[in-house]
Amino acid sequence: MIVLENINKTFRVAKRQAGFGRAVKALFSREYELVHALSDVNFKIHDGEMVGYIGPNGAGKSTTIKIMCGILTPDSGSCEVDGRVPWKERVAHVREIGVVFGQRSQLWWDVPVIDSFELIRDIYKVDQKRYKNNLDELTELLDLGEIVKTPARSLSLGQRMRCEIAASLLHSPRTLFLDEPTIGLDAVSKIAVRQFIRKQNAEHGTTVILTTHDMQDIEALTERILLIGKGQILLDGSLDELKRRGGEQKIEEIVAALYKEYQI
Amino acid sequence: MKLYLKYFAINLKSQMQYKATFLLNIFARIVLAFATVAGVWFMFLRFNEVEGFTLPQVLLCTAVTTMSFALSETFARGFDIFPRLLGNGQFDRILVRPRGVIFQVLASQMEFARLGILVQAVFVFCYAIPNSGVHWTWDKVLTLVLMVACGAAVFFSLFIVYAAFAFFTTEGLEFMNILTHGGREFGRYPYAIYGNGVLRFLTFVVPLALFQYYPLLYLLEKERSVLYMFTPLIALLFLLPAYGFFRLGLRRFKSTGS
Amino acid sequence: MKEYFALFRIRFINGLQYRAAALAGLATQFAWGFMEILAFGAFYRANPAAFPMEFSHFVSYIWIQQAFLHLFGPYGGNPDAVESIVSGNIAYDLARPMSIYNRWFAENIAGRIARTALRCLPVLVVAFLLPAPFKMTLPPSLFQLAMSAISIPLGLLVVVSYCQLDNISTFYTMSRQNAIFVVAADFFAGGYIPLPFFPEPLRKIVELTPFAAMQNMPLRIYSGDIAGMDAVKAVALQVFWCATMLLAGKLLMRHSLKRVVAQGG
């Protein structure tokens, strides 16, 4: 279970201005502004839930994810994942979570994927039996057969993403954070990834928190939606409820209308 | 330790994928190293000695310093390119893995081509060891080993400090170069030739002279106290503040995320 | 011409953005200059007669070297250029109505001037205010000053046209590794130790190479180490090498671009 209560986070950002004169001026004095990345964020996610975390760029999605992963400490408020405070018990906490950053790779670029898997196994101290079970299952479900013998750099984006997801699940985490897992994928790979995530959730009860801009991901995967804008949770409800509100409209249009309504 | 060897293997395997690049890199390192030696040699074609040190004695220093620098550059590469790890998000990945942060930074990056400098060191040692006038006994050999090993540790600490600064500023890092790359560059001569002020700084603030100048005096029997033999070990204390500073930077990173 | 100024301006503003970098660079260059002077000072004390330059000339040499480090350094030319050749993106550049050679040239010079503009003045001002023996001195005569004012931009052009050859060599090697180019230029241009410290037969040869036309000449002309007619000859050699390497670069560029087009990028 994940519980966030009154989480606040503020960043100080230097202003950068265009133009020659201003660039010279900025040499001597620089202005800063405070950005409220998160203000008073509250939500609860139960074990085995699949939650879609949506909002425009810069709304605070990745800040929240980073807090839940233990990468970032909030200014105030409390956050507990399975009873642990992520940034206080980093090592114990991250053993139980899996993270996929869609835009970055965790695989060693120049060696066969299987070598990366084995190193990850040793990093997480997964025992050989469980590793083999997990690997067999992931290989079958994600169709990794020959792919794992190839270096990551020679894989297509879709193949690589499947490997990334597998790499994040080798240690059987209770919670899986997916940050734009389908970005840039072709239609076939997208569907394969979605099917797999659904299965993982159904069979292992893995809690899934998914950020994405692809509303089809949301539609295919999640029952519950968290909408964040300008650092605030604007909406926390079920997908069905949202659909009812929108009537005949497609989910993209409903979300676009929401963005407009909240002026984010 | 076992895990470190696994990282070692995967790093080695990665770099062996590009043999041509790897060989070119090694070659570049060797050329670079010999340029430094040539610079010292040219000076001694003109001057017989400096501050009482002859060419082979100075080259002993050059080899010790470049070798320890190369060792720490190879194995502490992660700290050397730390700003890049921060910038491209690889450090975030390190934070979501259940192992020590410093261990992972250390283990995840190694660059073996930097060991090309060892070729130079071997050449120089072959020339300098018999010609430096050192009366080689076991304690002298041990001293030389301590110099190189502890020197690597001091440079390693400096790279940690450099990485720690990267938590605070991404662009102001260049000044650390005077200690890291400058330490190597100026360590081609015994640090004492830069005068007392510099020597004091390099003894008490950044202990570069502790693994180079003082044990050299012991090798050359200019000082006979065993204390001079063990000064490299005292330099190891520098690891502590470096480590503390890195922890401080890490705490800041966790609160600002940048 | 206008488009080159636009490029120049962008690079220049880009260079100005990094205030902390400039300050840090300043501190580094100071410390570096001091250490060099201290090291050579130790040799000077050991045997003043063997010192091949006047010590004050040497001190000026070091401070200008530090002040103009990024103007004359034979490194960091155009990493983007090398990258675009290796990755094959150069094909897109071919589609632009602009000579690639000239564009790289403009970018390279702009980057150098931007980085130097922020750093050289503070270094020079403080170097003039330092106590002896660290104090930097004015050139011995107005003639030397004028000659160095000609020699500095020429040195820059020589370095940049050399870097261009380095870039173009990437077409043939397809490797990002260019350390040999850099180390050779740095060493023989007097980046490690000034050329007067080279052993005699080697020095005579090196002084005829393009490397000597880089930082070596402007620095030694300013300090008065290369004086009178020798300074005129030195500047003539700079003009010669600059013209030769520009021409060679343009020809090689044409040749390698033909290869790129023939191979389809």
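Going by the order they are written in, the chains are A, B and C; count residues from 1 in each one.
By definition in this document, a residue touches a chain if its C-beta (ideal position, glycine included) is under 8 Å from a C-beta of that chain, and two chains touch if they have at least 3 such contacts.
Quantities reported herein were computed from a predicted structural model and do not represent experimental measurements.
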*Taking a step as a move to a touching chain, how many steps at least join chain A to chain B?*
1
*Please flag the chain sitting at the greatest distance from chain B, going by CA centroids.*
A
*When you average C-alpha coordinates per chain, which one falls nearest the overall C-alpha average? Tell me, please.*
B
*If you average the CA atoms of chain A and of chain B, how far apart do the two points sit, in angstrom?*
40
*Chain centre separation in whole Å, for chain C relative to chain A (CA means)*: 48
*Separation of chain B from chain C, taking each centre as the mean of its C-alpha atoms, in whole Å*: 28
*Where chain B touches two or more other chains at once, by residue number*: none
*Give the residues of chain C that touch two or more other chains, as numbers and ranges in rising order.*
19
*asked:* Applying the document's contact rule, which stretches of chain B touch chain A when the two form their complex?
replied: 2-3, 6-7, 10, 13-15, 17-18, 88-90, 92-93, 95-99, 254-258
_Touch list for chain B against partner chain C, complex_ = 20-21, 24-25, 27-29, 31-32, 35-36, 38-39, 42-43, 45-51, 169, 171-175, 177-178, 182, 186, 189, 193-195, 198
*Which residues of chain A touch chain B in their complex?*
11-12, 63, 66, 69-73, 75, 87, 90-92, 94-95, 97, 99, 101, 103-104, 106, 108-111, 115-116, 118-119, 122-125, 151
*In their shared complex, at which residues does chain C touch chain B?*
18-21, 23-25, 27-28, 31-32, 35, 38-39, 42-43, 46-47, 50, 52, 175-177, 179-180, 183, 186-187, 192-193, 197-199
